[in-house]
Structure formats: C-alpha cells, structure tokens
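A short write-up of the structure that comes next.
First chain written, first letter: the chains are A, B and C, and each begins at residue 1.
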Amino acid sequence: MIEKALSTREHAQFVDVTPLVAEAVGELALVDGAVLVFNPHTTAGLTINEGADPDVVHDMLAVLDGLVPWRAGYRHAEGNAAAHVKASLMGSSVMVPVKGGRLQLGTWQKIWFCEFDGPRRRRLWVGVADQSPGS
Amino acid sequence: MIEKALSTREHAQFVDVTPLVAEAVGELALVDGAVLVFNPHTTAGLTINEGADPDVVHDMLAVLDGLVPWRAGYRHAEGNAAAHVKASLMGSSVMVPVKGGRLQLGTWQKIWFCEFDGPRRRRLWVGVADQSPGS
Amino acid sequence: MIEKALSTREHAQFVDVTPLVAEAVGELALVDGAVLVFNPHTTAGLTINEGADPDVVHDMLAVLDGLVPWRAGYRHAEGNAAAHVKASLMGSSVMVPVKGGRLQLGTWQKIWFCEFDGPRRRRLWVGVADQSPGS
C-alpha cells in the first residue's frame, strides 16, 4: 500500500483525488488489473462520479445533508454521527481498473474523497490486491 | 478488462447482468479468486441483491426515488442530478467471488446494473485484480 | 474463499466481524495486498466504520430505519423489502488492506456485518482476488 496525504478545507467537501491515485499507480508495479483505493477514516468516504460539472458534487452533498441532517438527536457524544452515516452510504473504498499502468475510468468519471467532518488532514491508501513476493 | 454492452429500456431500471458477467468470467483465465465488475458511467450503478422476486428491485427503485426525487432544486444544469446521487448510493463496482472458473454468489443473489437515466446503451467492464504478464 | 459463520441476535444489528475476518486472513496465504469480505445474503450488508463508541452503529441503524421504514407499501410479498434496500445502501462486500499477513485498518475502523432481517444464522466469505494455482 502506498499512502498519500491530502488536506480538506471545508466541513463537507468532495475532493478530486484522481491525480493522487494516478500518481500512486505510477509508483506501483501494476500494469494491468485494478487498484484498491482505501480511506482509513470513519467520517469520510470515497466515491466515483462526474467531475466535469462541479455542481454534481455540490448537489450530492446537499442531498446527503437532507437525508442525514447534522443535528437529529443522535446518541454519539462526539457530535458527528451524521458524518459516520454518510461515510458508510458512500463506502470506505473504490476499486479502479488499470490498463498499461494507467487508471482506466469512464469518460466523465473522477475519484472523489468525500469529507464529511473537516477541515482535516486526511490519508489515502492505494494498493494492489496481491503484493506478496513471488506472486 | 473485458467489455460487455447492454441496453436499458426504461428511465430507471435494474437489469440482471449476472449472465453477462458469467460470460466474461468464462473468457478470463481466472480460476479461483474474485472479479471486479466496473460500471464506467456516472448516472448508473451496480449492486448485488435478490433476483427471485422482481418486486424487490421495484421496491428499491421506489425507495431511491422517494429519497432522491428527480426534481428538487438541483444546481446541475443537465437535469439529471438525482441519477448521479443514486449512482453513488449504489456504488460504481461490485466484487464477486469466483470458484472453479464460475461466479460464486449467495442462493438469492444476482448482479444488478442500476440504470438511473435511461434508456441508453451502456457498458460494463469485467476483470481480475492483476493481469500483468508473469503474475 | 474461506467461509465463516456468525449468528445475529436482533432484528437489526451491526456485528463487529473484524476478529472473524482477521482469523480468515491468518488461514489464507496472503502476505501483502487486500482481502475481499463478501456477504452472500440479500437482507444483510457489510460496512467499515467506527468501533470505539457503540452509539455510532446505533445511530446508523436509526438513520437507516428513518430513511427506509419497515412498512411503507412495498410490493415484495415477503415483507422485508426494507432489509433488501438497506443491504444495497451498505453494499455486499468490503475490501480490506493486508500487510505482513494482518488486516490493515484505520485507527477507529472495524468491519461490521449489517443485519437487517434477523435474528439469523449468517455466513461470510473471505478470500483473495486471485488464488489460481501458479499465480
């Protein structure tokens, strides 16, 4: 696994991490297959969606806020239960095809880090499914 | 990655792509492990759920429509913001176990392509995690 | 794939299966890479989220109940349509990084089996992406 760092600037924000993941793929020996992009945090997620129009991720954040309001009588004392729920709705990882050593995404797809309790310093892990020696 | 094509016939529709994925698995060299099924579109998703009763996916579409209405003051000018949000709620890919060269799913499970802005011609990518020569 | 069994005790319940998955990883030959944790049931899901405060998964169950009520005029005659929908919102599998033969999770992360129609006897499959001989 290769670790990459990023900083989020808003309380809730989708950050395009496609360039970071592409950089990690270049550092891995993988030529053809798929990489695992894994988010080790519990108040953030990962998703793949449109990157051409920034309004798409704006709308996505707004819908998620409507479905899972920040204050709603949650028990979790830390006050960020909504961020945990949104993290699970998006998911903790994405798998991305790789061809000829490069990420292979659909025309409009970007890989988004979904910050739900920022701003914070965050990390991403990028790796292949089997890196055992001799495999 | 092997590419498979499909056509959706409704604006919103779950299509059972288990046979298409099984066909792709037969074309791959993989014997035991897991395949990545990847959807390269941003207004469609993939999920694994019950295939015995068609009412299950009907109910799922209805719940998603209730949670993410088609019209709700979205900013995205193309008018299909709801389809993008539903795509991320379902996810862009599924991993499916393979044993003896065949898909290994639970008794009631099928692989569903989730169309949220059809009807359209769509593509699916099916591949293994590491196809580098010599691996 | 290694199969592990578990029993759920409530109608809806998140069960920490991290120890079960860690046990399976010990039984697999994988040293460095990632494992697929796959749930073969259609009224249960898998997610990765905080394990330190049990209120987090309590809040998550409560939010999901609010979004997808148990009774809401569903068509599915078996009466558990809500469980199927929640299963797809969480997802049927998670990928977890492995390093030096051990699960590699973020500080607060645990792997949760999400029961939405229990109590039941359930199964989990844990495996690597490519176990073909000679790979």
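Keep this in mind: contacts are C-beta pairs under 8 Å (C-beta built on N, C-alpha and C of every residue); 3 or more make two chains touch, one makes a residue touch a chain.
Quick caveat: nothing in here was measured; it's all calculated off a predicted structure.
A rotation of 120 degrees, rounded to the nearest 5, superposes the Cα atoms of chain B on chain C.
In this structure chain A contacts its sequence twin chain B using mostly different residue numbers, the overlap staying below half. Chain centres here are Cα means. That of chain A falls 19 Å from that of chain B. Within chain B, the positions touching two or more other chains are listed as 67, 89, 91, 95, 128-130, 135. Here chain A touches chain C in the complex through residues 1, 36, 38-42, 67-68, 72, 74-78, 81, 84-85, 87-89, 91-93, 95, 125, 127-133, 135, going by the rule given at the top.
Contact residues of chain C toward chain A in the complex are 29-34, 47-50, 53, 55-56, 58-60, 62-63, 67, 89-91, 94-97, 99, 104-109, 128-130, 135.
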